[in-house]
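Labels for the chains are A, B, C, D and E, by order of writing; each one numbers its residues from 1.
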Amino acid sequence: MLEIRGIDVYYGEVQVIHDLSFTVKEGEMIALLGSNGAGKSTTLKTISGLLRPKKGEIYLDGQRLDQISPSSIISHGIAHVPEGRRLFPQMTVEENLMLGAFEKKIWNGRKKRVEHIYELFPRLLERKGQLAGTLSGGEQQMVAIGRALMSKPRILMLDEPSLGLAPNIVEFIFGLIQKLNKEEGMTILLVEQNANAALEISDYSYVLETGKIVLDGKAKELKDNVYVKQAYLGI
Amino acid sequence: MNNESVLQVNTVSKRFGGLQALKDVKFDLAPNEILGLIGPNGAGKTTLFNVIAGVFKPDSGSILYQNKDVTKFRPDKRCKIGIARTFQITKPFNNMNLVDNVSVGAYFGKQHTSISSARKRAEEILDFVGMGDLLDVEAKNLSIGNRKKLELARALATEPEVLLLDEVIGGLTPTEGNEVVEIIKKIKQSGVSIIMIEHVMKAVMGVSDRMIVLNYGQILAEGTPKEIAENPQVIEAYLGGVKHA
Amino acid sequence: MNLEKNTSISTKREYVNKQNSVGLNKDRLIYLVCMLVLAVIPLFMGNYTLHILILSLIFAILALSWNLVVGYSGIFSFGHHAFFGIGAYVSAILSMKAGVSPWLGLIIAGVIAAIAGAFIGLPVLRLKAAPYIAILTLGFAEIVNLLISNLVDLTRGELGLSGIPQFTSIGPLAFNLANRINVYYLALIILALTIFVTTRLIKGPRGLALKSIRESQEAAESLGVNLTRNKLYVFTFSSFIAGVTGALFAHYVQVLTPSSVIGIDIMMEILVITVIGGLGTILGPVVGSFIVILGLEYLRFLGDYRLIIYGVVLVLVIMFMPDGIMKRIFPKAKI
Amino acid sequence: MEIVMQQIVNGIIVGSMYALMASGLSLIWGTMKMLNLAHGEFYMLGGYFMFFLNVGAGLNPIVAGILSIIGVFIVAIIVETIVIRFLIDKPGWEVNQLIATFGISILLQNLALKFWGERFQNIPYYVKTEVSFLNVNLSAQRLLILVVAILVIVLFWAFLKYSRFGNALRATSQDRDAATINGINTRVIYMLTFGISTLLATVAAIMLAPIYSVNPWMGAAPLLKALAVVVLGGLGSLVGAIVGGILLGLLEAFGILIFSSEWQNVIAFSVLILVLWIRPSGLFGAKEW
Amino acid sequence: SKGAGGSADGIKIGVTGPLTGPTANSGIALKQGMEIAVEEWNEKGGIEIDGEKTKVKMFYEDNQGKPAQGVSAAEKLFNNENVDFLIGDAFSSSVTMAVMDLASQYEKPILSGEAVSGAISEKVEKDPDKYKYYWKGNFSSDAYGKTVYETIKSLIDSGEFKPKDKTIAFVIEDTDYGRSNVASAEELFKKDGWKVVAFETVEVGYTDFYPQLTKMKSVKPDVLVSCFTAVSSGVALAKQFNETKMTALHYGIYYPLRPEFAEEAQGAADGLLWTPLFFDPELRENQKDLAAKVKEKYNVDATGDHASGYDVMKLALSSIENAKSLDANKIVEELSKIKIDALLGTYAFEQKNHTVRAGEGFISVPTAQIQNGKNAIVWPESIATSKYQPQSWVK
């Protein structure tokens, strides 16, 4: 469904991603692992158009994505929950969620859609009038995911959703991701440092190192891979 | 009072407008101890660090460092007498290279006599945290994980007695996290007392001598990692169902 | 604390040494060549060109002092012309009304400007965002400007001061308009001194502190950097230089009106010079000053298209050379 | 008492115009982190367009006003597309924007001088009657200023708060990348933000031109005032721009009454410094878009 | 080049004046007036220098109206163009104050144009030796004050104006021009027992006078004197004065002389008393010719600046003509003795301060009144073209 073909990505002069290729199949949950600075976030940003590859192509269902305007990526069904949540801090929870449905075609249906999000996160209904910047870290993460879900994406990309969250919240969020994948059939591309948990819930996984894929395979198999154990699982 | 402790937090309260961020928080830090500080998001952990480091004045209560009241000291003064901290949201000096970043701590923390000796020290410390090959890199080019290590290196460079670590492990892979844990252990061995905020239970529980759980600005529980891990209130408010430690 | 393990630093020592070497490294060579060129040029120039060159030197010093506050410390002062004006008026009035020697006036002007700098530095310290600082300092300059124009008894207001004494001769060296080559060298010496002092300052611990403040105040403070002292220091110091420069200007041009020394266009000129030359570089303001002042002067033939073209050129320069000429020519050098 | 009332009215009327100018400045600061030093020149262009359309072409004020607004908007969009867009994502933006907008300001000012001459131009009052209330007499023209200012500000506020585009604009101002991944084309938003900010300046120019006059330098003073207002009120805050504008207007009016004109700006700026000393982020510091 | 004399490439007159910046229009008009004068002279074959008819060449440098720029421009003219005579500054007092100091250094004659500031004359008076080569081609600002004061006095004497408590208010622009003109008027009024009840100084180009007028309404001055160089201020004041129903006698300095003033202020200006009316071809026969030439050559309406430029150039060239030489000493010798009729009056210098004389028989500074959209001279009686018509608003 989503296919990355040999992309090179730069920040200014510095090359961060080197000839990276991988594919994501419909309904799969993919975990993208890698140490710090490996280029995981950069990969997601490139898919969602915030960065442009200097070389290579990105295809969604055979349609080229890397040349369209970054703001129209979401209309192709790809939603991105960025690293660090990136809410609109001076806007209310509800306004934040509504902006997830900014796209013209779905803007009018936003009121209905938001009800669905409140069902997933009853906590947010309680706080819909609160400014997003004043929420706790966990609540902010819920808004970020909720906002991404507003556009009814086919692919959801999550960048370290567990970062800095209390263990019970992490548990909740991981549960939710699984539910979206299993019950709603949403394709998920998950970037996580918490490799144990990520491998636990995903189907397939790629391991990234300095902008290249060094390893890939079924999540269960990778969990037992000696190298992965040493380098990422800390065992 | 307890002459044994290097740092005393004395019934500190802090309010932001309508929000009571800290309420009568009181504890001691023993010399050469690692104290793990955990609690839900927004519980007030970082705020507590800010009060100890002098960024916020508490509304009431006081901070005693080596039995001296330092509540009125500015942050730079506190650093000079031996209280160093890292920032949860990292604040690197973006347009300076790593050596200069760390030299600031080395020179101004415990006044090195010359810039060059401060630089030398900075390089040693960068090496120590495993960034010896990045000396000339400008800090803006670091990934999150390395930024956290840089925070740690800068704080270390001030040669503190008390080190406040705010989520230095979160965001690292477990393997990298283990490395940092090793570094923290070494720092402890050199005689430094540490308070460590962390959501990665495996790491804090493994390294802490003692733990405090903050919830809604108040201390919810205090004890050894084992006691904390089994405390039902803590499980309810913070840990959830997964097994830890 | 002892970290004896993990310290394999043999290869990195070199880096430390480079910073402190006393030899004639490339940077020093560039300074030397610049100074030499500047010292020789006037020997071949007529009065008119000399006049323009002197103005270029004066603005170079002024821009250099502003760059210290903005480029190196990240304090976005937009009222630097106030200190230039204060310096100019203080020394002019002292020499005219109290017969104080312009040489002494130069120093007093610097000191008074420095005091003013410290005074306005205090509220500036409390501000974080650049626009607040910019407009507060701009407001301060506007107040100084209005005070000078309104205190008519002292300053003659917009009527201006004229007949300001020249620098008195030192032995055979006269500083009147007929001997302006001496004024040129005087300005050049002040420029060289300023460069010397600023480079020392920037390469030293103070520079490290200022840069760290520029990058993140909270982090700098947490690492033991005293924000108040460092910021006040740099503000005061640069105001001092601006004040001295103002006095130099006053005794050279011998006529002052409030709008000619504290007008906002002076501040804009400083800004343009510095940014075109290279913000956060030492030689940038110097090069920028010569380019801008000579450029404006030699564009005279364009008549009323001159300013139109100036506007276009400014925009183009900033679009295609956003970090200034110095970084373009010497991307690696720390000058 | 009458004189106090009269002075309050004077203060509020100019203040409302400062508020309009300042809202525009504040808007682009909020979204693009930009202090537009050419803001005054867009005001100037607004004045000239109105002059040519209303006096030159004899169009009625409403039509001429709308056309002027469109005209300035187009110029603004051109400037944004050619210059601002080119610079905004590059390092050094904080300082470089000042030079760029200063260059644009010099350019526009001198183009106006070159093509339209130094001669100041005057536009007749749009309405000629006088009104009086509470012992205060004033021309309907000046009352119109106030009415238009209130109308425009209310519309502007509602637009930001409730329209789809307004929401997008606020979102972009708070986190550009986040806005992009939610499908907001932030390039377009920047362009329109810049355009709208000049629109507010144009409205001010159109309303003031009959009372003051139109000339190439007319933008300098309002820019300085608007800059003072935005920081007085708190950057990025719409409420701050409005309250700050009115406050500055009143301050000036009463400064003149109590002292004399020459101290008008001294008083205004001293108050500004004092306010910032006490409240370092202005009266309404935090962003309130 | 041939020969040693400077005359080989003609007589070179340098001029500094504003061609850009807010005062550009005046500078441009001055330049045009000068060009016409030079042309006339050259049509006659030029000036006889050392027995040889020599053509005149003019070099005009822009200075944006700024002193430091003025010095640069003058330096350029002396050094690069080698001018024999400098008209500097053609327009502004502050630039003149800077440029005049070059006279002793270059030992070339410098004649300023429209600059009026009394401070210039004072400088010369204090150190005549230093300013041997500098001459001020315009009278001093106190002449305006005198005109204002004496006009009003004569209106009172003739019973046409009856002040209640002899109170006066000033609204002026914060420039040397505004300040110095009003300073002399203020002094004269005060001496005569008048009380200054308001003194409002505003920045150049200021246009919102409602607060000032509101304040003034409460102190009710008998006379309001206003002085601006920016016409926009004048128009705004005149209109707002009307609108706020002020009742003071209104006297304006400078701004009404700009042709656009009456046009833009429309009815609001009718009745205004003002000075200085120098140029009005409809009233003054001798100015018609210039007006026509300006119209023909540049297709603009002539202003006082054109006349001023024409006159100062005439003054310069006449002195050279009389000297028959480019020797600076001879030229300034002739300047000191000069007495010529020109468009604005008769020029001659006060010897003690090298300043052009004002008053009857020299350059007269009359009071005009706008009557039905046209200017009329109402004071002094000797040259009056009409009688004062009481201002409709004065109560």
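Note that in this section contacts are C-beta pairs under 8 Å (C-beta built on N, C-alpha and C of every residue); 3 or more make two chains touch, one makes a residue touch a chain.
If you're wondering where the values come from, they're calculated on a predicted model, not measured in any experiment.
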Give me the chains shared as neighbours by chain C and chain E. D
Smallest count of steps, each to a touching chain, taking chain D to chain E: 1
Is the number of contacting C-beta pairs greater for C-D or for A-D? C-D
Most distant chain from chain A, judged by the mean position of its C-alpha atoms: E
Measuring centre to centre, with centres taken as mean CA positions, what chain is farthest from chain D? B
If you average the Cα atoms of chain C and of chain D to get two centres, how far apart are those centres in Å? 33
Cα-centroid distance, chain A relative to chain D, in whole angstrom: 42
Based only on mean CA positions, could you tell me how far chain A sits from chain B in angstrom? 30
Where the CA atoms of chain B average out and where those of chain D average out, how many Å apart are those spots? 47
In chain E, what residues contact two or more other chains? 20, 24, 174, 201
For chain D, residues contacting two or more additional chains: 110, 113, 262, 265
Which pairs of chains touch each other? A-B, A-D, B-C, C-D, C-E, D-E
Quick one: which bits of chain C touch chain B in the complex? Just the residue numbers, please. 1-3, 5-9, 12-13, 15-16, 19-20, 203-205, 208-209, 211-212, 214-216, 218-227
Using the touch definition up top, name the residues of chain D that touch chain A in the complex. 164, 167-168, 170-171, 174-175, 177-186, 286-289
Residue set of chain D touching chain C in the complex reads 29, 35, 83, 86-87, 90-92, 94-96, 98-100, 102-111, 113-114, 224, 227-228, 230-231, 235, 262-263, 265-266, 269-270, 272-273, 276-277, 280-282
Complex contacts: residues of chain C adjacent to chain D: 70, 76, 123, 126-132, 134-136, 138-140, 142-143, 146-147, 149-150, 264, 268, 271-272, 275-276, 279, 304-305, 307-308, 310-315, 317-319, 322-323
Help me check something: in the complex, which residues belonging to chain A touch chain D? 48-50, 69-75, 79-80, 82, 86-91, 95, 98-100, 102-103, 107, 147, 151
